[in-house]
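Okay, so here's the structure we're looking at.
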Amino acid sequence: MAATAKSLPQPRARVAEHEDPRVHLMHDPRPRGEMNDMVLESMHTATWRYWIATGTLTFLVLTCFVFAWYYLIANGLGVAGVNRPVYWGIFLVNTVFWIGISHAGTFISAILRVMKIEGRRPFTRAAELMTTFGLVQAGASIFMHMGRVWLAYWLFPFPNERGLWPDFHSPLMWDFLAINTYLLCSTMYLFLPLIPDLAMVRDRAKGWQKIPYRILALGFRGTEGEWKNLHTAMNIFAFAIIPVMFSVHTIVSWDFAMATRPGWSSTVFGPYFVIGALHSGMAAVAIVLFLIRSTMKNMKYFLRPEHFNLIGMLMLLVSMAWAYFYFNDYLVPWYGGDKWEKILQEFTEKGPIWWLWYVMLICNVAIPWLILWRKKWRSTPWLLAIVGVFINIGMWIERYVIIPEALTINRMPFTWRIYIPHVEIFLTIGTVSLFLLLYMLASRVIPLIPVWEVQEGQESHTLRRVGKAELSTLTNIE
Amino acid sequence: MANDLQLPVFTNTSEQEVSGKWGMVIDQDLCTGCQACVAACSMENNVPFVGEEDANYGRSMHWIRIERFWSGTFPEVKMTPYQPMLCQQCHNAPCEPVCPVFASVHSASEDTNLQVYNRCVGTRYCANNCPYQVRVFNWRDYTDARARPWLTSLQNQLSPDVTVRRRGVMEKCTFCIQRIHQAEQVAASENRSIADGDVTPACAQACPADAIVFGRIDDPNSRVSQAALNARGYHQLDELRTTPRITYLHGASNGSNG
Amino acid sequence: MSPEISRRDFLKLASVGAATTAALTGCGPASRYVTREPYVKMPEYNYNGLSTYYATTCRECSAGCGLVIRTFQGRALKVEGNRDHPVNMGKTCPRGQITLQGLYNPDRVTDPLHRKQRGSNDGEKMDWDAAVQVVTDALTHNQPNEVAFLLGMTPDHLFDMVSDMTKAMGAPAPIRYGAPAMFESRATLVQAAQTVFGQAALPSFDIGGADLVVSFGANFLEPWLSQVSQTRGYRNLRQGTPNHRGLFVQFESRMSQTASKADEWIPNKPGTEAVLALAMGRIIAEARGLPLPPAFATADVNQAASQADINADDLKRLATILGNAQRPLVIPGGQALAQSNGLQTAQAILSLNAFLGNLGKAGGVYLSPIAPLEDAYHRPASAKEMADFVGTLKKGAVKVLFVHGVNPLFELPKSLSFADALKNVPQVISFATFPDETALEADYVFPDHHGLESWGYQKVATGSNASVLSGAQPVVSPFHNTKATVDLLLAASQAAGGQIASALPFKDELEYIQSKLSTMLSNANGFFTAPEINSFTAYFQQHGGWWSTGDDRLAPTAADALNANIGASVSQFDGDGEFFLLPFVSPTLAEGGANKPWLQELGDPTTTVMWNTWIEMNPQKADEMGIQDNDIVTIVSPFGALEAPVYRYPAIRPDTIAIPFGQGHTAYGQFAAKRGVNPVDLLPQKYNEAGDLAYAGVKVHVQKTGRARKLSKMEGVLGVYGFDAKQ
C-alpha cells in the first residue's frame, strides 16, 4: 500500500437508494486509526453472550468430540453404525462435507483476489479461516473413521522399520496427500495476509499480549519493501492455491470414482464434487458472515448487505451448476444402462429412506432458486444465512446419499443393509461445535476483518463525477 | 536406509499370461446349504462370533456365507441354488490397489489375495471395493477375553497357525493358507512337489456333499482343473474381469433357476 | 490307557497302522491316570510344534460319525472327519465341527454338585468320593424296581453298562430317549418295517444308488437319522452315475432345506402323504397294466390330489416318472410320519417301494446293518413309551432317577408334564455335562466328561453299509473336575457289593469297554483283526472304531407287502385352529446345539435366521392378517401357547406355519438360556399307531400381539425380498 494516505472526497447523497454508492464500504471510509480501533474493539469486547456460547461450544466439544471419540477408540467401530456393506459411514460424509466447506474459503479469497473482485475485501479472512478450520474437521473425521487410528501415521511416507512405503496406487493415499497439501497451503495463505493485521495488533497490544503478536507478525513494520514482498507472495499463493483447491476435491472424489461400485464409478465425479464443495462452502460463508455481523461489535460497518448480495449471487450460480451436474449424474447411468446403477437410483428414490433424496433436492435447488433470484432477498443477511443452512443440510445429505446410502447397494444383493448411525451423530455435532469454537476463539485473537485490505480498497477507490452521474473509479496502487 | 526399503513392483500381467496356482470349484447343484463349511472355516481360522445384535447388523464374521434368493410366489415359488460366497481370490483383485498401507496384497507364490493383519489400519476401502462383499471387519474386540469373559475357556481352541485378529482390522478367506504352507513344507521335506489332494481347505474338507473341490489350477490334470472345465461353470461377476479363482457350477435345484 | 500296555508298546502298535492313516494316534492322554500338568512335560509321542490327531466319535447326535481331532499341546483345535469311517467318510456336519465349543464351553458343570433346592442355580460342590457314596446309597437303599435310568438316544457303552447293571440288580432296563427320536419317528419306521417286511429293523434308503428319489417329508439333508451319510447319498444321486443326474422330488407342506434341493417341490396338505403314496402306486400299477395290488386298491387318484390340495395332473405326471425310473426310491419321514396316520403312511411308502421292486437293490430300500455287540436293532423309546415312563414317575413308583445324555424337561412335550412327574421322584441324579434344565431340577449333578474327553464306543444304527462300532477316546485331558459316568457307576457298583459288584467286576471304564470288545476278537469280518485285546483296543482307538469290510445291509423280504389293505386315510388333527403346525428340527442347532455360540451364529439354511426362534408364515397369508416380518405373534394350540417373531417365508403353504425346534432353553448356559421359544410346548399328546408322537397333528391359532422383535438374519432382506421389506 502506498505510504501516504489520501483523504477521499465525501460522496454526495443520491436519490436512487439502491444505487447509492455509499452503501459500498469503499465509499464511506473512516480514518485508519478509527477503523483499526473498531476491529480491535470487536476483538476485545466479549459480552456474556459470548461466554455462554463459548462455554456451550466447549462443553459440546468435550462431550461430542473428545469424549465421543475416546469412546469410539476405546470400544472400536462397533459403537458406530458402520456395517457390511456400508463400510463407510457418516465419518466419510463429514470428511467430504468439511473439505467442501473448506473449499469456498479459498475460492472466495484466491479466485476473487485474482479476479480483483473488490467486494471480497472484508470477508476474505473469515473465508480463509473456514478453509483451515474446515480441514481440521475433515482430518479429524477421517481419523475417526479408521479402524486403528493409533497407526494413522503409517499413511505418511517415511523410512521405517517395517521397510514399507505407503501405496501410492491407492486413491486414499492421493487423498491423504492432497488434504495435507491443501491444509499446508491454505494455512500459509491464511497467514500471509494476516501479517499486517498482526503487526497492527502488536502495535496496539499491551503487556504480555505484545509477545505472541510480536513473534507472529514476523517483525512487519509496513515498509515499502515489505508490502511489495507481501503482495508478491500473496499473488503467487493466490494463483498457486487455485489448482490445489480444484485438485483436492477432485482427488477426494476419486476415492469414490476409482472404486468398482455402482453409483461411484463415474468420470463426472471430479467436477461434480468441486461444484458440490463450492455449493456448501459458499453457503457456509454466508452463515459465518451473518454470525460475525450480528454478534460482533462494529461489524455492521464492515459487512454490508452488498457483500451478502455478492455471495448470494455466487450461491445461486453454484446451485445451478450443481443442479446441472446432478442431472448429468442421471444421464450417464441412463446412457450406460448398467443394471446396478438403475437399482441404486431406484433405491435412492423409492427405497426405505427415499425422503432423503427429496430433502436434498429441495434444500440444494428449490430453496436457493426460489429465494436467491431476488436482490432484495439475497441482500438480507438473515435470509441468506437461512438459505445457507438449508444448502448445507442439503449438501450434507447429498454426501450421505452418495456414501452410506449408495453403499447399501452393491453387486451382492444378499448383503444389502441399511446404515443406522450411532455415535457418528455425536461426532458430527462435535465437529460442528469444534469448527464454531475455533471461530469463537479466533475472533478473540486475530482480526476477523482484514482491515488493511479494506483500507487498501478504500484508498484505491474514488468517486468521480462524470456529467450527472457519479462513477466509482479504481486506482491501482500496488 | 534407502536400500532397506523395498518398493513394491507392480507387474501388469494380463489374464492370458497367468496360470494361477490354487483354485476352487463349487458345485451349486450339490451344495445343500448345510453350513458345515461355514462352521469348519470358523473353527479352523479362529473366526470369532459376534452375537445376535451385531450379526443382525451385517457384522457377522463369516468368511464364507451361503446365499440364496427367491423368485415367484407360492405355489410357484423357487429358491435359487445355494451359493457359498467367499473370497474369490481374484487375480485382478479390486481390493488390492486401494489399500494405502499395503495390507491387502497379492501373493506371487500362491496367486491369492493376502490380508496382512498387522499392516491394516482399518480404512475399509478394500471392503468397499470388493464386488463380492466377502471381506469382514473386526468392528469390536470380538476376540478379547477381557471384554468378553466367556471367551476365556473358548479360546483354548484357537489355532496357533492362524493369527487372532484384533479390533480394527479387515480379514477374509485365505484359502486356508496355513494348510497350503504346511503341505508345501511336508512336500519339501519329502523332496517332492505338492500332489493333487495334499491341500484341502477346511470348507472343502467338511462339505458333506463334496460340493467344494480345491487344488492347483495350473495343473491341467488336477481334480479342480477338470471340474472347472464343466459346461456348467461360470465366474461370479465375470463382467468385472476380476479373474476370480473360484469357478461355480450352475445348480438346477428346485426348478430352472440355475 | 490301560496299565497292562506301556506307552512304548503302544507306540509300536500304533505305528503298524501308521502307513495307512498317517496322522492317527491310538490313545489319548489317558485321562484318568494323568492330572493336568504344565505341558513342558509332554507325552513322548508328541512333538513340539506338531499336531497330534486322535480318532474318536462325534457325540453331537446319535449318527455316530467318525471324527479326527487335531490337538496341539494338549488342546483340541479342530474337528475333522475320519476319512476311513464308513458313516461319514471324512465329512462332518456343522454340529460336529462346533463340538469343540461344547468342550470349551464356559458354562460346563465343573464339579459334582449337591443342589439343596431343586431349580436353584447354586449347588454345593462335593468331592467324587462323596458322589460315589451318593450313587451307592441310591442303588442300595432303594428296591431295584424303584431305580430308573433315563439315557440319551445313543446306543453306547454307557447304555450297555447300565443295562448290565440293571439286569444284575433286577431293576427295569434303562430307557433311551431324545427329541430326535421323536422328530425322526424311528419307532414308526421300525414298526412299518415289521409290518411290511416282517423284520423289525430300521430301514436304510440307498439314496446314492437311486436315479429318482421321491421323498414324503423326509428331511434327509437335515438332522434326520444320519445327515452326513445321507448328504453323501444325495451327492451320489446327482453325480454318482456319470452323465446321469438323478432326480429328486419332495412332498412337504413347507420347503425345508431338503426340499430346497429337490427338482420339484410339491406342497401337499399335511397328513395326506399316505393317500398320495397309494394313489401313485395305483397310477403306476394301472400304467403297467398289472393287476391292482390290494394295498393300492382303495386309492382314488383324484380324491387324493384334492385331499392333498395339489394338482392331479402333477400327481399323475410324477407317478409316471416314478414308474418309468430305473432305480426309483420313495422315502417316508419327517412330519409325514408324525401324524395320526403316520404308521399307515410309512407302510404305504414302504409298500410302494416293494411294488417298485427296489427292495435290497442298489438305489432301493435296505434294512440297516446290525451293529456289532447287538443281536437286532434296538430303537430308542417311542414317545408313547416315554409317556408311560412319565406316568410311572408321576405315580411315585420311582425313588431315584438317573438322567444322562438327555434333557427331558426341554425335549419332552410340555403336555406330558415331565416337570410334575419329577416332583414325585424323591431323588434325581443328573450326569449332565452342561447345566441343562433337567440338571437344574436334579438333586445331584455328577458331571460326565465331555464326549471328547471320554472313552467309549457307539453302535451305529444306520448310515453305513457296513456294521460299525464307532470308537471314542479322550483327545484331551478333562478340562474340569468331571468324572466318567461309567467310572462313577462302576465304583458305586463295587461299593454296593452283592450281585451288582459281581456282574460288573471292572476297575474302570476302559476295562469295561475292553470286556465288550473282547467278544469281537474272533470276528474276522472287520477291516482289522488282532490277536489279543490290547492290540485290538489300540487299533480300535487308532482308527476310530471297528467296521466290517462287507455290505451288511439286509435285503427286506416283501412276501406279503402288497397284499394287506393299508386303508390309509387323511390324518386327524387336534385343535380347531386355522393353521397346521409344523415343528421341525433346526437344521443347524438340532436338539443340543443351542449352547454353542458359533452354532447359534450359523444362519438357518433356508431363512438365514440366527440366534433366535422364528415362525414361518406364508407372505400372502401374512398380508391378509396384517403381519409383517419380525412381528411377534402368539400361537395357541389346545396344549399350550407361545410367542415368537414371524419370518415371512415364501415357500410354505398358506394354511401351515412352521417353527424350528432347538431354542427356547430356560437354562443350558448363557448362549442358550432365555433365547427363543420351544415348540414342544404346543405339541399334543397324541400318538400314531407305532407309538410315535403325532407332533404335526395339531392345528393352531395365530394372533398378533402388536409387538415386534428383530430377527437376526444373515441375509440382507432388502436385496432378497426387495426395498419394501422390513429389515
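We just call them A, B and C in the order they show up, numbering each chain from 1.
Please note the rule applied: contacts are C-beta pairs under 8 Å (C-beta built on N, C-alpha and C of every residue); 3 or more make two chains touch, one makes a residue touch a chain.
Note that the structure is a prediction, hence the values are computed from the model and not measured.
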{"item": "Chain whose Cα mean lies nearest the overall Cα mean", "value": "B"}
{"item": "Relative to subunit B, chain with the most remote C-alpha centre", "value": "A"}
{"item": "Winner on C-beta contact pairs when A-C is weighed against A-B", "value": "A-B"}
{"item": "Averaged-CA centre spacing for the pair subunit C and subunit B, given as whole angstrom", "value": "32"}
{"item": "Approximate Å spacing (C-alpha centroids) for the pair subunit A, subunit C", "value": "68"}
{"item": "Between subunit A and subunit B, centroid-to-centroid distance (C-alpha), Å", "value": "44"}
{"item": "Multi-partner residues of subunit B (each touching 2 or more other chains)", "value": "58, 65, 67-69"}
{"item": "Touching two or more other chains - residues of subunit A", "value": "85, 412-415, 417"}
{"item": "Multi-chain contact sites of subunit C, meaning residues that touch two or more partners", "value": "715-716, 720"}
{"item": "Of all residues in subunit A, those that touch subunit B in their complex", "value": "75-78, 82-88, 145-149, 151-152, 154-155, 159, 162-167, 169-173, 176, 255, 258-261, 407, 410-415, 417, 420"}
{"item": "List of subunit B residues in touch with subunit C within their complex", "value": "27, 29-30, 32-36, 38-40, 42-44, 49-53, 55-56, 58, 60, 62, 65-70, 72-75, 77, 79, 82, 149-160, 202, 205-211, 252-255"}
{"item": "Contacting residues of subunit B [partner subunit A, same complex]", "value": "1-2, 4-8, 10, 54, 57-59, 65, 67-69, 85, 94, 97-102, 119-125, 127-129, 131-133, 136-141, 167-170, 237, 240"}
{"item": "List of subunit C residues in touch with subunit B within their complex", "value": "72, 75-81, 88, 90-98, 100-101, 103-106, 221-222, 227-228, 231-232, 234-235, 238-239, 245, 255, 257-265, 267, 479, 587-588, 597-603, 605-606, 608, 610-612, 618-620, 650-654, 670-671, 710-716, 720-721"}
{"item": "In the complex with subunit A, residue positions of subunit C that touch it", "value": "715-716, 718-720, 723, 727"}
